[in-house]
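Common to both upcoming complexes is subunit A, partnered first by subunit B, then by subunit C.
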Partner chain A sequence: MDPMETIRQTFFQECEEQLNETETGLLALEIGEADSETVNAVFRAVHSIKGGAGAFKYERLVRFAHVFETALDGLRNGRLEASPSAMKTMLRSADLLADLVREARGDAAVDDARLEALRDELGRLAEEPGEPATQAADSFGFQPLTLSLGDLAPETPPSQGWRIVFRPAPDLYRRGNEPARILRELAELGDMRVTCDASALPLLDAFDPGGAYLAWSIDLTSAAPREKVEDAFDFVIDDCELRVAPLAPAPDAEAANADGLEFTPLSIDLPMIDAPTAPQAAASPPPTERKVETVRAEATVSQTIRVDLERVDRLANLVGELVINQAMLSQSIVEAALPRASKAFDDLTALEQLTREIQEGIMAIRAQPVKPLFQRMTRIVREVADATGKMVRLKTEGEATEVDRTVFEKLADPLTHLIRNAVDHGLETPDERAAAGKPEHGEVRLTAAHRSGRIVIDVSDDGKGIDRARVKAKAVEKDLIAADAQLSNTEIDNLLFLPGFSTAAAVSDISGRGVGMDVVKSSIQSLGGRISVSSRPGLGSTFSLSLPLTLAVLDGMVVKVAEQTLVAPLTTIVETLRPKARDVHRLGVDQRVLADRGVFVPLIDVGIEMGFRTTPADPLSGVVIIVEGDGGARCALMVDSILDQRQVVIKSLETNYQQVQGVAAATILGDGRVALILDIDAFVAVTHSQPPLAAVS
Partner chain B sequence: MSMTILTVDDSRTMRDMLNLALSEAGYRVVHAIDGEHGLEVLRAEKPDIVITDINMPRLDGYGFIEAVRDDPGFRNLPILVLTTENAPDKKERARKAGATGWIVKPFNAEKLVSVVRRVAA
Partner chain C sequence: MHIPDTSAGASKEFIVFRLGAMEFAIDIMAVREIRGWTPATALPHAPSFVRGVINLRGAVLPIVDLAERLGFDPIELSARRVVIVVQIGARLVGLLVDAVSDILSQPHETIQPIPDVASEVVKLYVQGVFAFEDRMIGLIRLEHLAPPSLGEAA
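Presenting the complex of A and B:
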């Protein structure tokens, strides 16, 4: 790829980071939880965006970033107060800046009116109190010009060239400038004769190595304009005496030449110029020490590397294959009927350990914290709040929780939708809230956590809760349920996820973007996740997403049911046991419950549930696995026997076949056969609609 | 041996751009991500020229330049400052800290290299 194109990609990546930084900082400022470094960080972020944008000539982005930066500078040096209204403008500016970055990247263009309105608003913000900024700039602005002002007159065409008298001050050397280099640059403009005036040079005992004793007189024969000549002195103009006068015109030329001949031509006294440099060499440490330092410096530089995602994915796939292969190997070793003490078993165990570590390592590479995703949501909340006139605070928790990259990317849309819903449908207007005795500011909470091998993300609001009467009426009206259907609260809440359901009386601008909760549900499901809702009237609703940590491998218990091999995810298993006759109770015609540790749990014959057999097996002949679903509900799964406990590679059933109720995915076993992975929550859900189970007294 | 240039900038984009332009011109480029880090790399690498940004976390450009000038070993090291606009006050502050010259962003490779050559031995 063109190197500039690569840098452009870097720029956009970096912009995302800086935009996040900006937003985080501004939010902290808004609630008064900021220190001086926060403002600096925000300023730097916007400044960096401006710098990069300038390099790529994104003019609109540069101009807006500049105005924004000026306002932030006001905030930084205390000229501007972080009032609520000012912070609101700043936050909206951050949003606009983000949009301009996207525009630069080729996404939707930013509306001109919006850009100008905000630019004016920021401009007014920056100017408000007394505008000392321009004054400061002015007082500095004049200073560097003083020297050249006197010589401004010669607008005459450069006849022969220029006579330059150049007398450096000590500061010139102190700032690392070097007359020899300036002379060299001048030499590029034309023929040059240089005379060194060493008359100020003291005797050695009075010599100050940091002093400046030499001056030069330069006759430059060149057609270059004055600016070009002065440009060579640009960096030192305040650290020297400089006179630039036109070289005497033609008639005097000979005289000038004659003059020049009297001097020794171009004798730059090198040892003399080098003199101040001497201590530097002396201060250099010995080479060995230097080497050690180099190594250390490199260690700090290469803290991160960036790797093409495809390579990581390839690696992840390969490890998946490795796990399968290892299973096959272990099968072969078993079949080879080696003696128990054979070293092959030890080696195999070591290999399993290694494979697991490699796999965890790759997962860690692919994992990324949900923080950026959560940060994006703060903006959504703000936009929806602005559009609906609601007052909302977003609280986030568990931002450091890591999810697999694939999951991360696919979470953005469902989360956005849930957040929009929470503000638009969940929360009340400030008036309604006040009337209900709640604080005017509604609260939306977004939390992430690892829970038993899964990621759980909750979106909750403290709004009015689901209006179940209305939901039910709507479902009846839309012919989704029968008018006389008797539904539990949970069942009514779950109507929200049905295709074709939309509660808003008028499809609002915000939530009604053609995406219903059914789409959210199916996109979560496609990630191997589940969504559930709970709600309390007047207190709010919570949408809970539960997602697998990884999409590639899981620890499973391999079981046998009616000659079929199945896998139960280890994370869902609470315990396994052989039931005793006194613990198994009949419930109704064909249902049974198992008393386990004082609680009745539904007993499910997996063979019948999966359709492997029609006659129920004797519960006492098999093994029971107690599993727990996401909601904490348990059930007892009856299987014939437990074969093994091992890592299995997840192969999606949907991509290879179709979704099957009760089956989460499939895997390939060591002997090359396909085994189905059970969807424990589906099993728990089967029993969920049963009458509640009473605890044994 | 080619000259070594230390670039100090908290922006990856800017570091990459400097790196591209300078290495194409034949310089060896080492990076640092802020002033503090810049001082570490400076002592380890002993660069011939330093190019530094002003706005950086931990230690900004002014502080970095002052620290470099405080070290007798680097008193004459050419230090160029990156500034976004032709802001006289910034240049003045950088000069006071001990900067040799400045580069106004946005720069193109040609302009950058010519400024580097201006201060390079």
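Presenting the complex of A and C:
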């Protein structure tokens, strides 16, 4: 890739982070859970976006970020109050800023009218647009590049010492001198604070690798005489610009400005600049008494690296292969009939242990917290609330819950839809709420949690609940159910998931985008997940998603049916039993039911259902697995025997073939052969789609 | 094996294989590997020419009995039967054949349209024929063998 393009990519990646930071901060401000640092963080984030955008000449983005920044500055220095209406404007501005970043990246363009409107609104918020922004930029600009070789922020201002301005010339580097060495030498003299001035740094196209663009301003708190300080620069005195002046006990930031050290901050990762600074900082051994502090500062910053997702996926696939191969090896060792005491068994156990750990490790790498996803939803709520004139508060919980990356990515659309629905259909208007004796602000809750090996995400609202009478009428009208059908409340609620069902009387701009809840349901199902709904009239509804932690492996029960090996997902299995003659009842010619603790469940001969055999097996000779599908409906699957219970790696059948009825996916077992994983929901659906009465005749 | 005749203009290389007494060819560029038959896992609700799926180094590979797909008698399974793994679009499919007989190079212009006596199924999957020495070799039209059309007509 072209190096400029790489840097541009980095810029956009960082924009995402800055945008998240901006939104998080603004949301905290909105609910009054913010301190002065929050405003600063938001300001810095917007400022960084502006700086980077300037480097790439994204004019629209720069201009808007500038106006936004000005308004934020007002907030920062107290000229502007964080009133609800101001915060609303700020949040909408953050949304627009995000859209402008997207526009810069080449995605959807931003509407000019919207841009103008918000720009004016922000302009009105900030009393003195323009001038304060530049000031702010200056005082903030220093932070990103502060290079600390000692105390980050001394408690008391330095009382005595030297202010040194050190600007190396290109010759300094050409002669093999290293500024870090000099700074290190200075550090021996006392506490010091180094600020790097990168203002001379040109844009990349003008960048000369042999040039010297950085300068340092050093505040040295030390009793050392001037000569001692100048000694440090002895070797380079002819190749640099050096000013040494007594340090005044005045606040330094302003003094630095007075010195004319103005520069725009760098907000993009420039590898060629980054590389030398890192070793510099690392290579400088701070005097012992300061060591502790340095270590502490490092510990609080979590170290991360960016890795191409493809590499992680490849590794994950290889680990999948490793698991299969290890299973094959264990089988071979068992078949080799080695003596019991053979060392091979111990080694194999160790290998199994390692494999499992590697697998867990790779899954942890792929896992990521749902926080960014939830954050995106706050925006959705805001937009829908604005469009519908409703007042909504989004409460999120369990944002740290981690889910596999693939699941994460595919969750965005269904979740967006559920959130839109909750605000658009679930919540009432402020007037309606007031009439019902509820607070004007509706509440939408979004929670995530791990529960028995799955991740459960709930979207609930405190609105009016599902209007069951209307849902039923609609279903009858659309010919989805018979007019005289007797349905339980749960059954009525589940009508929402039927294809072609939409409760909104008029197709609104917000929820009615041609996709219904059936699409949400099928996308959740394609993730191996389940969706359910519960509702209480007048109190609200909850949509609950239950998803697997990963799409890569599942715990399964390996069974044998008509010489074929099949896998049933363990999560669907309620119990296994050997049927007794008195529990099996005939219902029609081929249909049988099994009495399971007094409840009759359909008994399915898996061999016949899958077409592996044509004559039904004797139910009493085999084993029955009671399984439960998505909707909670159960059926009894008849298999010949249970072989094993193990973790299997999920392999798609669709990659090279197509979807197969009754089969969820495939896997590869220890003998190297493919085994099919049963699609329990398909079995349950088959048995429950037949009206029970028809089977008797 | 024949040395490809490089004097011809736009020549293509083909893998030639037998189905019963007949010979067919596949563009060698589509062939990923050739392997011996190993027992496949049966797929429910699959047409009979889909013999099931096998493990191809971790990927699930469907096996199509090409003879049966073309309307001939199914291939009798034994370890000596051959699976030609071909890439069709983004998919890999294993074609079960009796034996691989040749690799040869053939100029494009020598390929003739398929004679009209052939059945409709054959016409769908065979795009033309060419003569080699005194043999007639049918050229398989791979794109029609990819799913979902693969399982469409049972």
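Some observations on this one:
In this text, the second predicted complex is superposed on the first by the 391 of 697 C-alpha atoms of A that agree within 3 Å, B and C clash if a C-alpha of one lies under 4 Å from a C-alpha of the other, contacts with A are read in each partner's own complex, and residues count from 1 in each chain.
The definition used in the following text is that a contact is a pair of C-beta atoms (placed from the backbone, for glycine too) under 8 Å apart; a residue touches a chain by one contact, two chains touch by 3 or more.
Small disclaimer: the values here were computed from a predicted structure and weren't measured.
In the superposition on chain A, A:Glu178 makes contact with subunit B only, not with subunit C.
Considering which of subunit B and subunit C touches more of subunit A, the answer is B. In the superposed model, A:Pro499 lies in contact with neither subunit B nor subunit C. By the touch criterion defined above, A:Gly52 reaches subunit B but does not reach subunit C. In the superposition on chain A, contact of A:Gly320 is made with subunit C only, not with subunit B.
After overlaying the two complexes on the shared chain, residue contacts for A:Leu653 are found with subunit C alone; subunit B is out of touch.
In the superposed model, A:Pro537 makes contact with neither subunit B nor subunit C.
In the superposition on chain A, A:Pro209 makes contact with neither subunit B nor subunit C. Using the contact criterion defined above for the overlaid structures, shared-chain residue A:Val674 touches subunit C, although it does not reach subunit B. Looking at the shared chain after the overlay, A:Gly662 reaches subunit C, while subunit B stays out of its contact range.
Within subunit A, no residue touches subunit B in one complex and subunit C in the other. Here subunit B touches subunit A in the complex through residues 10-14, 16-17, 20, 30-33, 37, 40-41, 43-46, 55-57, 69, 71-79, 82, 84, 87-89, 91-92, 95, 98-102, 105-107, 117-121, going by the rule given at the top. Those residues of subunit C that touch subunit A in the shared complex are 39-46, 52-55, 57-62, 91-93, 147-148, 150-151. The residues of subunit A lying in touch with subunit B in their complex are 3-4, 6-7, 10-11, 13-14, 37, 40-41, 43-44, 47-48, 50-52, 54-55, 57, 136-137, 140-141, 143-144, 173-178, 181-182, 185, 232, 234-235, 238, 276-277, 279-280, 283-284, 290, 293-294, 296-297, 300-301.
Remark: subunit A residues 317, 320-321, 324, 564-565, 609-612, 651-653, 655-658, 660-663, 666, 668, 672-676 touch subunit C in the complex.
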